[in-house]
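Shared chain: subunit A. Partners: subunit B in the first complex, subunit C in the second.
After this line comes the complex of A and B, so read on.
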């Protein structure tokens, strides 16, 4: 199974949240994914690297990630996602859970 | 002079057929397994309407195999009228020309072959029905001439015990026998004394002890280990935004994982919401193993079952306050009565689907499978003949701004019909689509209408990970379409949602996000489930639940 790497950069209007220490959440089961979040100065932006077996969904990833960053008001974070065919619902859920884990 | 007319041609014909079969039928109506093919050749005529019992659970599979072995020169062009066609033999009959026409309700695993055979002209489709609709026609224009049924046991006189898996047997036998038809039963065992008589011997013409027990599918067993966090999130939204909001007491749960998740969250999240005794008190359900924790915690007053479920026999027998258990101590599941209750007496139907269109029409059809409906359309609608009132039915009716357009100032209730769905399904296929695959299927299989499981005007709520669309609160089609777009997420349909429009719908409580409802997404984890795997269910049941081998993974 060939893997593809996608890179995105998202910036919300007013970043207010950040992660202070690296956090890992989720497992790369079928239909699922794992998320790593690391603090990374990027002028308030969030840099995302997605490794996924699926192609043709770049615009969908962009929308899902941008909406997450905007709703979480997240900034200065590097996110790595190892995906195994997760749906947008699962992607959003895992990102939120990872962030909650980081805040805990 | 008045012409003499015979009024007993059916009975005369039946007597002739049975006389021809007499050599194979012994004492107590008993037929040897080796003689069944010859028996069928003696009692069936070309073009007959024939029923092979089988729904989505128990199957008269030995008799189906025997029918497949008859001489095609003698028996051909049969009109099959039966609930379901899940066995390969059901479709092989058409492949071989033994059968020609089909009226049914549910395709199951053979759904692809049904579509293919229609296209190829091997199968003439009468209609796709709901169970109740097909049963109704057994008593009108689709009465079987010969029915091949199945039971657990027969006694030496030919009385039958259908027990836990009674299902469709009573309705088939009554329709067939009371119009002078012929009824042949396969049983697992012939015994001296039955636990109880479900079908009297007088209504049966022949009984065969099958060389193997009838096939039965544990269709309603969902392994809690496979429930996802997202299904848990949807379940939490349903519990807070619908079960609690309307106080829904009388419910049917569909077959999918969403409702399994809800069942397993009654003792956790449901308890936290204070719903015990206020919701889910009366249910029309197969004996779902995932209901065990809620039953044990005292949530449920009554459950009536469409059919049995493998492994639940002892548990059900030990909870006669909840289930409909006979004087002999075992369940009798009568599908016709459960479907009647499901059509007339429920306050809510909730289940999953595959696709929803911009108007809210909901379908499980795919382009190349004639899957059928089963019972969903009867439960997923407000029965027009309903006249009794319950709190949640009345509340939903009062919400409907469109009601005065139809009946002026006259108040009326409405059933809650809830469709839960992730915005994207397998392979990231959008679940919200401009046109249902049902349209393509109608073309491919030459159907008169796209087969729609639940029409948009019956759906009152759509639940996705984005939130709940309260379609019952929409004043017209424009508002309804906007509410659907608002919960359609990142699908092409969802991307058409306008932010200001969605904001206004949220302010009007027509769309509620998890945040609007106060549902914490971070709590949507498997910790919410009262049982996390099949073994937990066995423990909850005190060892009474005996899961089939394929579910015993410890």
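After this line comes the complex of A and C, so read on.
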């Protein structure tokens, strides 16, 4: 019954982009999520924490996040997600929007 | 997040809670209280296995309009219908308390402060009322917010802004009615029992919640303006709401007493006249009341542009 909390790390081959200040994006609407990215010393890795009512898709979350981290060449960042049944496409879109927000 | 300057022309209806909060005050002046970084999520939702949000669906903070400190409370309708639970309710109450404390301090330390240097509170409602998942805490929050309104009365004007998708319904409809001044756009909706709930309880013959024209002419901004349930009607932009708050911020706090709906024996008398009028008229539709108020062609009036509406509308006199 309780919320499903996933915590894992992703590491891309050549981490480059870093988030210099905390950034928040999104609203936890139905089928949507919010993202909080904060700078974190993690030896070039990205620390991920996902809080979601969804169970049974833990491996998919890891793949979606790993693909995002690889494509954005992200490192030394903590990503926290509060999810409310977002699809993988929405997850990727919101992560990119959050990163764009960090760059703005 | 859109930039402040682009937010001014943005539809208030389509802006999220944080955009409304940032856009309602001067550029770069907004400081958030208990924001996402504080990660104050609802413990009740977590226990129930329901999705949580870092700000619990309510953005609170303070900014400035000109010289006026503006304390802002902004509800997010997309997070569980903007429902008010324990954490969000506590944020509302704490923001009101902070505004009152500042007003007290200014009164004590700067007795000569001008009217536009004293704090106001602006609340952007987008809610269906109590969050049923944490109903007792949510109800208590409603009571505590009302309590703070009474403490704020005559010290800090509390201004309601309604123009978001969910509207302002349920217990928060009462809460909004207890504020000093209400600003709405024509897309804002205000009521106690929301359209879907009326239909569910009384049937489609009583109220068809899928009939958008019916919903808007019963709960929408134009009708509320005719009825005197809102004081001001503005265009659907963040900038238009901001301009109205800026106008109100210049007024002495005593000027707000005349804008209130409840809170004195005279106002109770006035409300009772409305009840008596309803019993006598037995209106079948909002249009009947518009006609009674002196608007010969309510259908045409409902369809003219907002400026023409404001210029020609007759408001119900009780």
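Assorted remarks:
Keep in mind that, in the parts below, the second predicted complex is superposed on the first by the 103 of 104 C-alpha atoms of A that agree within 3 Å, B and C clash if a C-alpha of one lies under 4 Å from a C-alpha of the other, contacts with A are read in each partner's own complex, and residues count from 1 in each chain.
The rule is simple: a residue touches a chain if its C-beta (ideal position, glycine included) is under 8 Å from a C-beta of that chain, and two chains touch if they have at least 3 such contacts.
These numbers were taken from a predicted model, which means no experiment stands behind them.
When the two complexes are overlaid on their common chain A, residue A:85 makes contact with subunit B and with subunit C alike.
With both structures placed on the common chain, the touch criterion links A:66 to neither subunit B nor subunit C.
Of the two partner chains placed by the overlay, only subunit B lies in contact with A:31; subunit C stays clear of it.
Of the two partner chains, neither subunit B nor subunit C is touched by A:18.
Of the two partner chains placed by the overlay, only subunit C lies in contact with A:2; subunit B stays clear of it. When the two complexes are overlaid on their common chain A, residue A:57 makes contact with subunit B while staying clear of subunit C.
In the superposition on chain A, contact of A:96 is made with subunit B only, not with subunit C. Legend: residue contacts after superposition of the two complexes on their common chain; A:42 is shown touching neither subunit B nor subunit C. Contact comparison for subunit A: of subunit B and subunit C, C touches the greater number of residues. Note: residues 32, 85 of subunit A belong to the subunit B contact set and to the subunit C contact set alike, using the contact criterion stated above. Residues 1, 16-17, 35-37, 39, 41, 45-54, 57, 76, 78-79 of subunit C touch subunit A in their complex. Those residues of subunit B lying in contact with subunit A across their complex are 228-230, 233, 422-425, 427-428, 464-465, 489-490, 495, 521-522, 524-525. Across the complex, subunit A meets subunit C through its residues 1-3, 22, 24-25, 27-30, 32, 34, 36, 38, 51-53, 80, 82-85, 101. Of all the residues in subunit A, the ones that touch subunit B in their complex are 31-32, 54, 57, 60, 63-64, 67, 85, 87-90, 92-93, 96-97, 100.
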